[in-house]
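Input: structures, listed below.
Consider the two complexes below, in which chain A is the common component and chain B and chain C are the respective partners.
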Partner chain A sequence: MTTQDERAAAANAAAAAPRGRRAPGGGKGGGDARGQRRLAALLLSPTLLVLALVIGYPVLAGFRESLYARGEGLDESGFVVEGTRFVGFDNYTAIFSGDPAGAFWNAFGNTTFFTFTTVILETVIGVGMALIMHRAFRGRALVRASILVPWAIPTAISGLLWRWIFQADGAANALLRQQILWTADGWPAKLAVIIAEVWKTSPFIGLLVLAGLQMIPRDVHEAARVDGASAVQRFWSVTLPLVKPALLVAVLFRLLDVLRMFDLPAVLIGVNQDSVETLTMIAWFEASNLRYGSAAAYATVLFVYIALIAYLFVKLLGADIIGEAREETKRAKRQKARRRKAVQA
Partner chain B sequence: MRRIPRIGGAVAGAVLALSLAGCGGDGDGDGSSGTSAESLQGRGPITFVTGKDRSGNLQKQLDGWNSEHPDEKVRVIELPDEPNEQRQQMIQNATTKSDAYTVLNLDVVWTAEFAANRWLTELPEDKIDLSTMLPATVETGRYRDRLYAVPSTSDAGMLYYREDLLEKAGISEPPKTYRQMWDACAKVERLDEAEDVDCFFTEVNKSESMTISMVEAIGSAGGAIIGPDGKPAVNTPQAKQGLEFLVRAYEDGRMPKSAITLDTEGGRRHFQEGRLVFQRQWPYQYSLANEDDGSSEVAGKFAVAPLPGPDGPGVSNLGGHNLAISAFAENKATALDFVRYLTGAQAQRDNLLATSQAPTIAALYDDPELVKKFPYLPVLKSAIENATPRPVAVKYGDVTAAIQEAGYAAVTGDAPVDEALADLQGELETLTAQK
Partner chain C sequence: MTASRTRTRTRRILSYAGIAAVALYCLAPFYWMTVSAFRRPQDQFDNSIVPVRWSLENFTAVFQGDNGFGRALLNSVVVAGTTTALTLIIGVSTAYALARLRFRFKNALLGLIVATSMFPGISQLVPLLKLFTDIGWINTYQAMIVPSLGFALPLSIWLLTAFFRQLPFELEQAAMVDGCTRGQAFRKIIVPLAAPGVFTTAILTFIAAWNEFLIALSMVNEKDMQTATVAISKFTGVSGFDQPFGTQMAAGVIVTVPLIVVVLVFQRRIVAGLTAGGVK
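So, the complex of A and B:
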């Protein structure tokens, strides 16, 4: 229901906003413009309200929770002392320099490590998959469908699946003819998580890149070929730049996703395993032991980290989805101004 | 009193939703947190909150109750399979002070946490027939000498052993000590059919199972992780001897190298494939390993005995479930009757027959008809009688995580036994300190 409202509001907003902006130049009355602006605000307000409710409020509530601690000590008869206590930033300072600092930096390192290794691998493999799927050959539909199968399996299920593969007498060891203890706490566990994660999410990148590939007109390639570019040259100088917007969006999505990875390592290796413990797992552990304040602090730190990574990614690589739209309106305005000048002249 | 809305800290960026559910708990003014025994009043419909009922027996028992008590019907609320998720949902219900849950089916290790947080109603001992129950199981329902829960099922580890292999090696009795067990292994090893067979297995993967193995090993050596006075006691020679048993067994290769990855079911697979001489395992494996449909290669070839110890019979960990009444529920008089009904001899007998879950009523273990169907009952009874509970701690989640960490580090050789135990002692002291 809300999504319907949201969609309607968004559509109205999209229709209303430019008109409002255009109004002053368009020679219409100022009162009319103000009315339209008011209408726009009115039509947008359900969207904003919903956003504030489902995003703004939880973020603030989570932050607020992270400033409190409760139920720590026991009284004489063994009952937990009730009540919430304001502790300011204690939960945060504890994360960075208190007892839990070791666990935090370990989880932070794991999260970052998984993020970079899996996203890089996924990108390479995903682009490869997209190039294969893009080719015209017999049985292409079958290949496309089978490549997408891993993405269709719920993460928890694929976690179980890989646990069977990686168990001591499982398929992985049978294939390698080795006795590697993948699901014990150690570096093989990290590798197991990376393999399972890449297996599951490469198709996602492949899918988005494929969509990008199909937008490239055929004659661009033809022209490059006529000009004598080799296959490698064509890939680097024609295909990759043209598919870049789609690829960057895909990578950004994966980055944000893997930074909050939880269920795969939890199911595949288990909770409380130092080698695969991520920030979400640590927050979950705190919450399940009733330390909601510190859990909220972990979650807030992770939230800031994710926001930072996303910001850097957008800034450095220019995966600016909204920015492009902004560019377009700017361009349209410039054109209009030029046209107006021409008319005045 | 200032109203403090308890608000869930679900953090966007879709991190995770901390489950504290909406604005519920404004502080209650009456101060009685429903912990006194006199407050068991009110009759009417109630709910029973439990994990999945796979056998369908629970529904049968509820139907029996409901037809006899048409005005006090019980509705079952089934929680997820995962024990941790069950605990989560019960805690969520308690922190919002909801009356949706009446009777709770608690794992024995949750009693302290739930009681200390005032989430349970204290139960009147004179109105429940505790004398028919195994004393060890009744203890698991107490917190600080007050009764908060009634045991409904129990569980204890037993030593599964390959009778056929021991017989061939000329051994007629199951081992009572570790030494006898290793000696038996040495003899069995010489047999032709024992080529791919490992000597012994108890769970040492980094999970709750590790805590259980530690409790058993340290208990068998005469120690305790948290002593009877509530103080951590792993800086003792007994604790060291206990942990060393696990470390040596793994180091020497008496346990398979894969032991640090095998969970309960993995251990069962290992035993059923005929790859173990001795195994510490729960009773549930008995009928599964005796299945003659080809799923088990050891059907009819094994038997059970009490766990061995360093100088005589060892100590088992005590598992099981207890029934408790939520402090925030209504119709507590009905709830008490229902708890008595479900923990009564007849209900437990039916339950044992339908689900093979160990009862807490002592007499059932000596019932000839039941013993015929479940030949391990006498062994299990003595295991439960000598069993020791896992550490009683309000912060049980943290305590068990610390024990797992120390045990795993020692078994895998990451930390010497002394160091692992010293670290554990320090951590447990912080966790159990009374502020």
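So, the complex of A and C:
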């Protein structure tokens, strides 16, 4: 404890010294850089500690776990061994080509299918909503409020709500005058999940795009109109490019969120159902049956898949989630350079 | 003249129709949940748009029997509330450092923190489940709160950093010139100015934590420790096979309506926060 205090005192003294030296001039920045760095380290450490514990540790421990298997097995000399043993990449080879391969590829296919269909649908519907809301002068507040309702309902609850709507004698069938067993299996179940997911999230895309639309200056559109561009042309070559940055970030977030989908299909259809099982669900099912090794293997594969999609998305389309921060640094650097030039001159 | 007037009129009618369509799309399922909650249990499968007879039976049923719903609500409040409080305490200091102080790798660090929010929750689960089993944390509040921090922190830090950047830096410097220490300047100048941003972040964090399902489902196997979302999904009917939809819809209304009220009251702020962060 005392050593820590001493160290802190020394740090304060060190930080104070250069500040004292340039005190009368009072030029901002520069001098107390070391103090700033120290303060930054102090302020950042709790976050880094928490993230290391609940994100960093699980990644490593999960990977290690995926190399082990639990339960009975035979060792090289044919003896039965119990407990956890090292199996190398067996869990992975089993996923890709062993007995559970069918289940894995099914879950992988479902995850990918849900991701692409829902993201495309909710982007189209969301952009449409944004255009409608942008048009309307009155009633915008009302619509904005109602748009937040699907977002605020917990996903598990909306799963239940849609399960209720998709009952055999529920509202959906009454409306369609059909007898579809939505929640049983097969394509109706997939469709039910897609409908429920799109309902919950497309308003959200709409909200973000609306915010993007409102930042476009009016005269840009006026100019395009004067130049004789049709409404469709104006949308494609003026509106869309200008809202693209906001839209890309929204789509990236949606993409990564659907890839790890669990609550909605688990509550709406149920776990361990071939038609809607996603990678998160299959990993959860393995874990709840205490097959930790293969659960960790599924989770690791999903983690890599998500990282890959995020990387590709950012590389190919250039979505920039910390764009604002980067701009700021650039601006600061430019200013500094300018100031230096001024001093030299 | 008249032609253009009819055109503006049709355009206005079309935009109202569009608005109505959007509102209907968003609200109809929620309306159905509310209406179903107010039906009598024997009218449950009635598909009329307004209940034949309104009744509160489903709502009383929620709190009766072995559902343990009151306790589940309390658990949700404790878990979501503590997650929010801890996230704000840790997040504000980090966001302050990221927005105000100068040090190397700042953007890389912000990028790294934001990137952790894209991490799939299931990857956390197995290692933390084993760890918490070993240290006896299963069926405790902290087993739900600590993993949730991993998701709440990155997004709130991102939001708060954006908010802090918008604050005028000069005020804080002026205070320091007037003899405040950096800590005092932070407490007396920055904290009050940042309050709206912090408040917005708090709402968004609380809603996200309140809606959490996967962790709460896995870290707890005792009924007394379940959060509301998990408890509702596990409600059992009288017969044990039928899903008690009326009761579940009533419970759904109970956990959703407070959020919706908050959302309506603080609409502007929430939209500002959502669009600043692109939060799911």
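In this text, the second predicted complex is superposed on the first by the 252 of 345 C-alpha atoms of A that agree within 3 Å, B and C clash if a C-alpha of one lies under 4 Å from a C-alpha of the other, contacts with A are read in each partner's own complex, and residues count from 1 in each chain.
Keep in mind that, in the parts below, a residue touches a chain if its C-beta (ideal position, glycine included) is under 8 Å from a C-beta of that chain, and two chains touch if they have at least 3 such contacts.
Nothing here was measured: the structure is a model prediction, and the numbers come from that model.
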> Which partner does A:288 contact after superposing on A: first (chain B), second (chain C), both, neither?
Replying inline: both
> Touching A:55 in the superposition: chain B (first), chain C (second), both, neither?
Replying inline: both
>> Just to be sure I read the superposition right, which of the two partners does A:108 touch: chain B = first, chain C = second, or both, or neither?
In response: neither
> A:273 contacts which: chain B (first), chain C (second), both, neither?
Replying inline: first
> Regarding the shared-chain residue A:263, is it in contact with chain B (first), chain C (second), both, or neither?
Replying inline: second
>> Quick check for you: in the superposed arrangement, does A:143 touch first (chain B), second (chain C), both or neither?
In response: second
>> Under the stated touch criterion, name the partner, chain B or chain C, that contacts more residues in chain A.
In response: C
>> A:92 in the overlay: touching chain B, chain C, both, or neither? Say first, second, both or neither.
In response: neither
> In the superposed arrangement, does A:184 touch chain B (first), chain C (second), both or neither?
Replying inline: first
> Both chain B and chain C contact which residues of chain A?
Replying inline: 54-55, 58-59, 61-62, 65, 167, 169, 256, 260, 262, 280, 283-284, 287-288, 292, 295-296, 299-300, 302-303, 306
> Of all residues in chain A, which touch chain C in the complex?
Replying inline: 26, 28-29, 33, 36-37, 39-41, 43-44, 46-47, 50-51, 53-55, 57-59, 61-62, 65, 129, 132-133, 135-136, 139-165, 167, 169-171, 174, 199, 201, 203-204, 206-208, 211, 246, 249-250, 253-254, 256-257, 259-260, 262-263, 267, 279-280, 283-284, 287-288, 292, 295-296, 298-300, 302-303, 306, 310, 321-322, 324-326, 328-329
>> Touching residues of chain B toward chain A in the complex: what are they?
In response: 4, 7-20, 35, 84, 87-88, 91, 115-118, 143-144, 205-207, 256-258, 260-262, 266, 394-395, 397-398, 401, 404-405, 408, 412, 430, 434-435
> Which residues of chain A touch chain B in their complex?
Replying inline: 54-56, 58-59, 61-62, 64-66, 71-74, 77-82, 84, 99, 167-169, 179, 181-186, 256, 260, 262, 270, 272-273, 280, 283-285, 287-290, 292, 295-296, 299-300, 302-303, 306-307
> Tell me, which parts of chain C touch chain A in their complex?
Replying inline: 15-16, 18-19, 21-23, 25-27, 29-30, 32-33, 36, 45, 47, 90-91, 93-94, 96-98, 101-103, 106-107, 109-111, 113-116, 118-131, 146-147, 149-150, 153-154, 157, 161-162, 165, 173, 177, 182, 207, 210-211, 213-214, 218, 229-230, 232-233, 243, 245, 248-249, 252, 255-256, 259-260, 263-264, 267, 270-271, 274-275, 278-280
